[in-house]
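Sharing a structure here in structure tokens format.
In this document, chain identifiers A, B, C and D correspond to the written order of the chains, with residue numbering beginning at 1 in each.
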Amino acid sequence: MSERNIRIEPIDRRAVEDQDVEIVERKGIGHPDSICDGIAEAVAGALAREYLDRVGEVLHFNTDETQLVAGEAAPAFGGGEVVDPIYLLIVGRATKHYEGQTIPAETIALKAARAYLESEIPHLTYGEDIVVDVKLGEGSGDLQEVFGEDEVSVPMANDTSFGVGHAPLSETEQIVLEAEARLNGEFADENPYLGTDVKLMGKREGDEIDVTVAAAMIDEHIADIDAYAEAVESVREFVEDVASEHTDRSVDVHVNTADDYEQGSIYLTVTGTSAEQGDDGSVGRGNRANGLITPNRSMSMEATSGKNPVNHIGKIYNLLSTEIAEQVVDEVDGIRDLRVRLLSQIGRPIDEPHVADIHIVTDDGVELGDVEDDVEAIVDDELANVTDITRRVIDGELSTF
Amino acid sequence: MSERNIRIEPIDRRAVEDQDVEIVERKGIGHPDSICDGIAEAVAGALAREYLDRVGEVLHFNTDETQLVAGEAAPAFGGGEVVDPIYLLIVGRATKHYEGQTIPAETIALKAARAYLESEIPHLTYGEDIVVDVKLGEGSGDLQEVFGEDEVSVPMANDTSFGVGHAPLSETEQIVLEAEARLNGEFADENPYLGTDVKLMGKREGDEIDVTVAAAMIDEHIADIDAYAEAVESVREFVEDVASEHTDRSVDVHVNTADDYEQGSIYLTVTGTSAEQGDDGSVGRGNRANGLITPNRSMSMEATSGKNPVNHIGKIYNLLSTEIAEQVVDEVDGIRDLRVRLLSQIGRPIDEPHVADIHIVTDDGVELGDVEDDVEAIVDDELANVTDITRRVIDGELSTF
Amino acid sequence: MSERNIRIEPIDRRAVEDQDVEIVERKGIGHPDSICDGIAEAVAGALAREYLDRVGEVLHFNTDETQLVAGEAAPAFGGGEVVDPIYLLIVGRATKHYEGQTIPAETIALKAARAYLESEIPHLTYGEDIVVDVKLGEGSGDLQEVFGEDEVSVPMANDTSFGVGHAPLSETEQIVLEAEARLNGEFADENPYLGTDVKLMGKREGDEIDVTVAAAMIDEHIADIDAYAEAVESVREFVEDVASEHTDRSVDVHVNTADDYEQGSIYLTVTGTSAEQGDDGSVGRGNRANGLITPNRSMSMEATSGKNPVNHIGKIYNLLSTEIAEQVVDEVDGIRDLRVRLLSQIGRPIDEPHVADIHIVTDDGVELGDVEDDVEAIVDDELANVTDITRRVIDGELSTF
Amino acid sequence: MSERNIRIEPIDRRAVEDQDVEIVERKGIGHPDSICDGIAEAVAGALAREYLDRVGEVLHFNTDETQLVAGEAAPAFGGGEVVDPIYLLIVGRATKHYEGQTIPAETIALKAARAYLESEIPHLTYGEDIVVDVKLGEGSGDLQEVFGEDEVSVPMANDTSFGVGHAPLSETEQIVLEAEARLNGEFADENPYLGTDVKLMGKREGDEIDVTVAAAMIDEHIADIDAYAEAVESVREFVEDVASEHTDRSVDVHVNTADDYEQGSIYLTVTGTSAEQGDDGSVGRGNRANGLITPNRSMSMEATSGKNPVNHIGKIYNLLSTEIAEQVVDEVDGIRDLRVRLLSQIGRPIDEPHVADIHIVTDDGVELGDVEDDVEAIVDDELANVTDITRRVIDGELSTF
């Protein structure tokens, strides 16, 4: 075994699945906070790749402060219009000059934001429905760690920071996470009236699960109030179907419950996101690194999106602890709930955390001792390969929100 | 007893004070995220008071999205200068027209931001070291609840939201919270070299407490490197003294550990905040409603600062649950750790939460049954007076970060 | 004859063609000031047309304040890149609410700006090389004149304003105007290395004409310094050829005279405009309504681009006086130089100017009396049809810079 | 005599004083365009002085592009309020790094803007009624001329540029210029209701002079409509008195002619400037370098305010030609009208213009030959001391608008 300070203990609470009340939330990809997370992370990935291409290593940057100021829209059955554009400001630091080279950090950021929006939030016409501006200060050149094409060093922790991951997902978590993914995937493909701003709140009390969905409908594809009502019902049935694949508990799905048809107050949008009308957003205010907001579990406050994947310990440890948790549950049987916490130690390499705390609830009939060694081996191995996280973030393979 | 759904149960974990590892963080008042929280909340309070003054009730607004873009500074012993100003954008919604009156929401916001900065972050010269801009969209007039001078109604919950509070504070929490308050209070009064941007991280392992302080020093009051070293040592001793008032455990205090005197790399600033050089900030990314970041305890992701105190359930429930927790611990003996969670129910008045979960660890020799009735009475009473929270927020009596 | 106050007199100076020294300047379409003029006018036209489409008449607006903040670029033979984007802010007023309708003035402005840039300054990638933002205040609804699809009224002058026009163009003026047009037309079509930012200064002393051209070259199409030198020479020869079509005087053409090949200081750009690197721009700072800057002739200080063509007297009178001058010279023989000045009278319809001053230099052998009646008839007729100017501006048929 | 190419000739038109129709305009110090001119020039002066202080010579900068976006206000008798603040963006270039020193150009700009506004437009509360932002790009270090404390070299012209000056002022010009100065001086001192945004238009036809004044009144000092009417009348009488000191012609003064008391449409403001409500502004759109807009005289299109006084030929020549004209008329008798034009020659020192054209209308009975030598001597001397202009601009002694 390694020298790493890995502690494996029973968790000091019941498995989330066994708690009486559970709350789970996910802000879909078109939610104003998620738009900010998505752009911040897209910009970060683009910068990292460009640095590698141009100078062979990732230079200092941090772009985790995108701010979205909502626009104003006038939706209408059959197609309304955006009245005042959304304003989005990409904020952060980036190295612009390095060994005689000039790196066009702001242009890279704008290109990345545009590509991201055009791919993920396609109903927002870039430069018309949304104005994207950028203010990237000069990063300090002496902060970078070596993370190059040819050589990779494990960076030193320069901060006391903390990451946390969980596995397996509870049924409610699975439902919320997958319903959003599939609504924004197969469902939207077939039903173009569904906007990207889908917010799901799952609440379980005992064996009763309520899923509340707020789904922005796109006016161009909704002819009238009847079509709207049908659209709402289709979403409801779809989420119900998704839910039934993940649980035998009773599930109630509610869609756009704040609607008031009498008053004509419905969730109709021009662009499929509430950012068009009154809902501002910013990075780190929505989903945690595993895609969910889970008050029943420990969460890190740190924004993961937009941070530099080479040397930001909070980002690396949040992603790594989630990876570890999933890996352990994949490979080791008998685990009902698992929490991984990684705490950095200033001045030591990040593959040697101050402590790696693994808290476990085992299945009935399984003792901690039965799984301990396997778990520790996985944790040790994942820590040894911490720079894989960085590599995968740079390649855009890991989601951060 | 009331009809409210109050559940009192044992907590499903050890008291935080009894856990092996504890981490506590506080970003001081001059930290870029705290500056944003402070301004957002100052603006919200000013708007609420102006609405009451002008139209007799609080109209719809939400100003929880302040964004700070760091400046650039050139600190120097004896006094350097800000090179590029900090840019701060106040973002949100406010009702600007109501029954024929025009309410100057943006001017109110700027005045409040200025007053706040001049009072709390006095080394930042408003309009020179920091440019404050504002973009407040028009709020929708029909969203407001009745919260007037003469009449107050308990608002209906329009969202499923969640608040959480804890008491009593652990020793480590007390140390971190009070050390920051007193550093920015009596210590700074006597030692003008200390900036407002003081960040404290407390880490307890068993009975060993480490407190790491990052304290921005103000160059005007630091003549040379020796004076700097003395200043650092004075901060260290002061925090050590504060700590000793709250614990008998061994405490190690570390100040500005990233300094490298050889390289001249020290934490010297012109204005006392890292916002002057490279550290961006935004609302809701820092301290929770009780002033701390506590990974060992449940936390709400919701930004509290800047939200409308009349109808934003997340804000009200976070503040109220903290109030309840403190009230219970003040009045009821025998409680070692207490967590209050309030969960709203859409469409019901907010004084009737879906559930008020009270989780308790009792002192040795105390049974839950011994305290249950007293606790419930307090919770019931506090819920009945939920609108007091709103009133006190409007009057600026409750801190939100 | 009409009642209009038309005065026809000899001009109190020599014809410009006969003066000893003449200076003429034109900022080409890609010059930062011209980009602002072009966008301001494109936005104005789009708003006017949308108002007509939506409410049947042109509502109040004024968009004559576009500001361009230069970017930063790193040109290189074979293709460099924009480092920091250009920032362009469209500023003005527009009616956004009218009789229950919402008019998306800001979105209209952005669409118009984008279409203009993509058509006229195609090397600037919208949203990447240039960030276009917009701040349109609410125009006051009660300022509008009736200018509708069905009914047109001649507006009243609400200001003392002044317009001036000249004809015919001198040889130097013709050379400068046409050389720019053809450089940005046929020449650029065949020689993609030529940018849109072409500035020409013509100076005539007696019978010697010097034409100085500053021509931004596009790096993508310039392989090396030799190619650059060839490109410069091609521009020189082309302008020489254009000039020879307009004069028998001796003409010297100088292109990019500030170049210093030794020092590698040449006029190479990524996007074909100096806006990419250090040259800011704004409306009304460049060419007058006839496309030229002519210190030898009276000029109006008023910005023409972006003004409302229905009720802005300065705009209408500048365009109309130019039209009148050209019309007279087309139709009446014997005129060597002509200046038309229109002065408004507050409170009277604009087709009845306070005075229409026509100053004429006749050809040798022609008396003023020989042409007076013909000139007056044309002036009278043009004034009678003043609303044609408005119509043609709205239809985008008249250039304003 | 010197080698300078000075030509003295009769002017090819009548003296302006003898022309039939004359128009003269001045935008007062609080007009939105003038606010921009004033700030641009204040920033330029501050930068030049700081450069001299810090590095001993003036480095490259250019700040002639300030843009003002109007606010929104709700004036009311006795005191209204600004609803949305004015936004003012200082745009330009400045050298920020020079020989290892960092020059805080943006902070210098903000301080200068603040000091200027607080001194000249005191009713605008900085940072509340007006948000001042700044975007100064990095100037190119290699463009500077030597203009130091100890050594001054005459810069080379790097552009073909043109300056023009006139003297003496006509009666109408004197009236307009002095009336604005004294309204904003002694009159406003005694009558605090008068705002700084006073615009005067003088129109002379033969011997009848009309002066139209648009005077922003400050609501705080105007109790009701009667007080307003009295204020208007006081302004009218004051301007009449000023006028009578400059002419024996008949003078009619009209103040706030667009008022409609019935409709309550009057020129009442909170801050004394129309920038608070709908009137945008920018540099170089208002008064020429001599403080007036004079369609009867040649004018330069170039913005003078904000330009670098060391090497911007247009600025220097516009100020110098005005100086020369005034100097000649002061010292030489018998001159009725005088125009000075200076044309630069690329690559030659600016004290050797390509041509200095002096056009003169002599008084009756005076021949050009009688004054020629005296005039030439003055012109020659002024050109020899061209750097005095730069020095005086830096010291803030010359007005540019």
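Brief remarks follow.
In the analysis below, contacts are C-beta pairs under 8 Å (C-beta built on N, C-alpha and C of every residue); 3 or more make two chains touch, one makes a residue touch a chain.
In UniProt terms the chains read A, B, C, D = S-adenosylmethionine synthase.
If you're wondering where the values come from, they're calculated on a predicted model, not measured in any experiment.
Same interface as A-B, judged by over half of the contact pairs sharing residue numbers, among the pairs B-D, A-C or C-D: C-D. One inter-chain figure worth recording: subunit C and subunit D are separated by 25 Å, centre to centre, where each centre is the mean of the chain's CA atoms.
Separating the centre of subunit B from that of subunit D, both taken as means of CA atoms, is a distance of 51 Å. Within subunit C, the positions touching two or more other chains are listed as 84, 87. In terms of inter-chain touching, the protein chains here make up one closed cycle, each touching precisely two others. Against subunit A, the residues of subunit B that register as touching in their complex are 12-14, 19, 21, 23, 65, 67, 69-70, 72, 84, 87, 89, 91-93, 135, 137-140, 158, 160, 162, 164, 201, 203, 212, 257-258, 278, 280-286, 288, 293, 295-296, 298-301, 303, 341, 343, 346, 355, 357. Of all residues in subunit D, only 74, 81-85, 87, 96, 102-107, 110-111, 114, 126-129, 131-134 touch subunit B in the complex they form.
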